[in-house]
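Both complexes below contain chain A, partnered by chain B and then by chain C.
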Partner chain A sequence: MTGTSLLAAAAGNLLPTVTPAAPVPAQVTAVEGSLLAFVVLTALATALARDVLAAVIVFGAYSLGMAALYTFYRAPDVALTEAAISAGVTTVLLLLTLAKTTRIDHDVAFESVNVPAVGAVGLLFGGLLLTMGDVPAVGSPDAPVWSNPDVTQWYLSESYAQTGVDNTVMAVLAAFRGFDTFGEAVVVFAGGIAALIVLHREVFA
Partner chain B sequence: MTLVDATVVAGYTVGDFLLLAAAGFVVLAIGMLYRAVKGPTMQDRVLAVNVLGTNTVVILAILAAALSEPTFLDIALVYALLNFLMAIAISKFTVERGGVL
Partner chain C sequence: MSDVRPDEEAVRDAAPNETSAEADAGAVDEGDADDVPPHRARSRSGRYDSDRRQGTPYTESQVIMPTVKIVAPFAFTYGLFITFHGAGSPGGGFQGGAIMAAVVFMIAFAFGIEATRDWLANTVVVALAVGGALAFAGIGLIPVARGGAFLQYDLLPIPVKYGLESVEVFGIATIVTGVLMGLFFLLARGFASEGTGFGEGGGDESEEDATDETGTAANDADGVGGDLGPSGSDRTPAADGGER
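And then the complex of A and B:
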C-alpha cells in the first residue's frame, strides 16, 4: 500500500519514535481480548453482510477497533494511518463508488456461507496457528527483529549520524530508501491522474 | 511516580483500573455493534457507527492515560474528526444519492 506508507511517513514525522515496550504484563489482556473479539466480529459482519452499504458502515466500525488495537500495541503512527485511510478515505471512496453505481435492495440480511470454502480456510488458519508458538512475545528484547545487530540496531545507532533525522522510521523512509519513497509518490500521482482521466475532469475538485 | 502508578487496592494501580475501564468500554462497543449489523434502517447503522466512534475516542483517551503516552491523544482527536466525517458522508449518501462530499 503505497499511500499508506506515505501517510505513515508523514505521521512518523509528527510523533516521537516509539521504543519497544516492555513485555506486556498479564493483567492487560482484558483490553486486548475484548478488542480482538470486537475486530473479529466486525470483520465477520463485513464479510457476511448482504447489503453493500451495511458492509461499508460495519467496515468503518472495524477500522475503529483496529486503530484502538494498534494504539494499545503502542504503534500510534500506524493507528493514525488506519484512522485516516481506513475510516476516512476508504469509507468515502466506497460511498462514492456506490453513488456512481447501483445498490440492490436485498430481503435477507446475511450472505449464505459456503461450507467447503470455510472448511478450507479453517484448515489453513489452523495450520498457521500451529506456527504461533515460535513467535517471540510482544515487545520481547530477544526478538530477532529487534536484537539483530546488523540491521535494526545498525539503523538505530547510525541513522542520526548519517542522515541528521531524529526519527528512525522517517530516516529510513526519506533517506535510506528515499528513491523508493519517491517512486511511491510517483505511483500515487499517476493514480490520481488516471482517476481524473477516467472521471473526465481537469482538476481535483 | 505518577498518578497512574499509584497503588489503589491489593497491588493494583490506577493504570490497571484504567485498562479495565477501557476493556469495559470495548465490551460496550461489542453491544453497540449489534445495532450496526442488525439495522434495520441505514439511519440506525449511521447512529450506531457514530456512537461506536465516540466510544473509540473514549477508549483511546483512556489508553493514553493508562499507558502514560500523552501523544496517543492525537489519535483520539483525529478519530473524533473522522467520526464526524463518516457520519456526514453516510447520512448525505442515504438522503441524496450521489452526494457524498
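And then the complex of A and C:
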C-alpha cells in the first residue's frame, strides 16, 4: 500500500495524462514522505525484531503511522479504525498474551536475514512494481475508483437522498451493505465466543 | 480498587525475591560461561527475564493513575461522540465502540485488571455483546415483520437516519465494546488448564483473584531461601497473571 502510493504519486509526473485536464503533479510533501518512511521502517523493524515484545511495540507504532497516513489520504473512517483497533486494542491484547508467556532475553536486536525469503519477497515486489505504470496517481480525478459513475459517484450523490446521513461511509456500511455489516458484527460476536471456547472458560470476567 | 492494598504488599514481598533471583541467575550465567563463546553465553544459559518482568503483580503508579483519571472521561466522551455522531462525521459504532473498550483497558492497566474485572461484572460484558447482536437482528427483523426486506429502514417507525444510527449505536458499538472487553479479561486470565493435563493444573479458577498474587509471591519467598537454582524455573509463567 505504501509503496503503491509513493510510486503512483511519482508516476503521476512520468506518465502522460490521457485527458486534457490539468496534470496531477506528484505531491509528496515532507509530512507525507516522512510518514511513508516511518511506516516502511517500522514495518521492517516489526518483521526483523528478534524480541517479540519489541516487535509488538513497533507494530503499534506502525499502525499509528498508517492511521496518520490514512488521515492524510482523506480516509478518516479507516484511520479511526486503524488507530483504535490496530494501534490500540490489538497492541494491548498482544501485550497481555505476551505477559502470559515466557520471554527470552536476546542479546541481538534483530533477526538475521533469511536470504531465500528476501529473494522471494523481492521477486514478488518486483512483479508488483511492473504493474505500477497502470496505477493512477494519488488523488487523480481520472482514477476509476473515483470517476466511476455507477459505484462511487452514485453512492456520493444518492446516499444522502436515500438515507439522510452525511457520512457516506456509514450510509454504505449500515444501509446499502447493511446485511454484510450484520454478518461482520456477528463474526465479531462469534470471535468472542470462540475465545471463550479456546481458553476453556465459561465467563468473560 | 478495594484490593489495592494486598497488591501493594505483594509488590513489597516480591521485591527482595527479585533481587535474589537475579543474583542466582547471574551466578548460573558465570558458571555456564566456561564452555560457550562469550557472545552466546547469555542466550544459551536459558535465563528468562519473565520472572523479573512479568511476575510483578499490579503496581500502583503515581504517574499512570492520575493520568488515566484525567484522560479517561475525555476519551470515553470521544468514544461516545464517535459512536453517536457517526452519521455526520467520520466514525461510527465500530470505531467508537473500540475507543470505549480501550478506555476500559486504560482503567484496567492503571487500577488493576482484577479490580476492573470485579467492577465490570461478567453480566455487563455478556449483556453488551449479546444485547448488541440481538438489537442489530431485531432492528433488521422489524421491517421483515412489516412485510419488507431485512434492514429496510424506511419501514421502521422512525426516520431512516435514526434507523441507521440505532444500528450503529445499539448494535455495532455494543457488540464491539462487549467483545473487546471480554477478550481483554479473557486474555488477562488465560487458559483454564484444569482437567486437560496441560499447564499447571490445579488452581480453582474462580478464586484466582488478587489473593493469588499474594500467595504466589509468598510461595516464592519461601522457595528462594532453600533453592540454589534459578528460583523461577519451577514456576509456570501462567500462574503469575498478567498484571503489572
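Note that the second predicted complex is superposed on the first by the 168 of 205 C-alpha atoms of A that agree within 3 Å, B and C clash if a C-alpha of one lies under 4 Å from a C-alpha of the other, contacts with A are read in each partner's own complex, and residues count from 1 in each chain.
In this text, a residue touches a chain if its C-beta (ideal position, glycine included) is under 8 Å from a C-beta of that chain, and two chains touch if they have at least 3 such contacts.
These numbers come from a predicted model, not from an experiment.
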{"item": "Touched partner set for A:41, first chain B, second chain C, both or neither", "value": "first"}
{"item": "Chain B versus chain C as contact partner of A:88, first or second or both or neither", "value": "both"}
{"item": "Touching partner for A:80 - first (chain B), second (chain C), both, neither", "value": "both"}
{"item": "Touching partner for A:30 - first (chain B), second (chain C), both, neither", "value": "first"}
{"item": "Touched partner set for A:96, first chain B, second chain C, both or neither", "value": "both"}
{"item": "Which of chain B and chain C A:68 touches, first, second, both or neither", "value": "first"}
{"item": "First (chain B), second (chain C), both or neither touched by A:143", "value": "neither"}
{"item": "First, second, both or neither for A:52, with chain B first and chain C second", "value": "neither"}
{"item": "Intersection of chain A interface sets (partners chain B, chain C)", "value": "76, 79-80, 84, 88, 92, 96, 99-100"}
{"item": "Complex contacts: residues of chain A adjacent to chain B", "value": "14-16, 27-28, 30-31, 33-35, 37-38, 41-42, 45, 49, 53-54, 56-58, 60-61, 64-65, 67-68, 71-72, 74, 76, 79-80, 83-84, 87-88, 91-92, 95-96, 98-100, 109"}
{"item": "Residues of chain C defined as touching chain A within the complex", "value": "39, 42-43, 47-50, 53-54, 82, 86-92, 94-95, 98-99, 101-102, 105, 109, 117, 120-122, 124-126, 129-130, 132-133, 136-137, 140, 150-151, 153, 159-161, 164, 167-168, 171-172, 175-176, 178-193, 196, 205, 237-238, 242, 244"}
{"item": "Chain A residues within the chain C interface of the complex", "value": "76-77, 79-81, 84-85, 88-89, 92-93, 96-97, 99-107, 162-167, 169-171, 173-175, 178-179, 181-182, 185-186, 188-189, 191-192, 195-196, 199-201, 203-205"}
{"item": "Chain A-touching residues of chain B, taken from the complex the two chains share", "value": "12, 16, 19-20, 22-23, 26-27, 29-30, 33, 36-39, 42, 45-46, 48-49, 52-53, 56, 59-60, 63-64, 67, 69, 71-72, 74-75, 78-79, 82-83, 85-86, 89-90, 93-94, 97-101"}
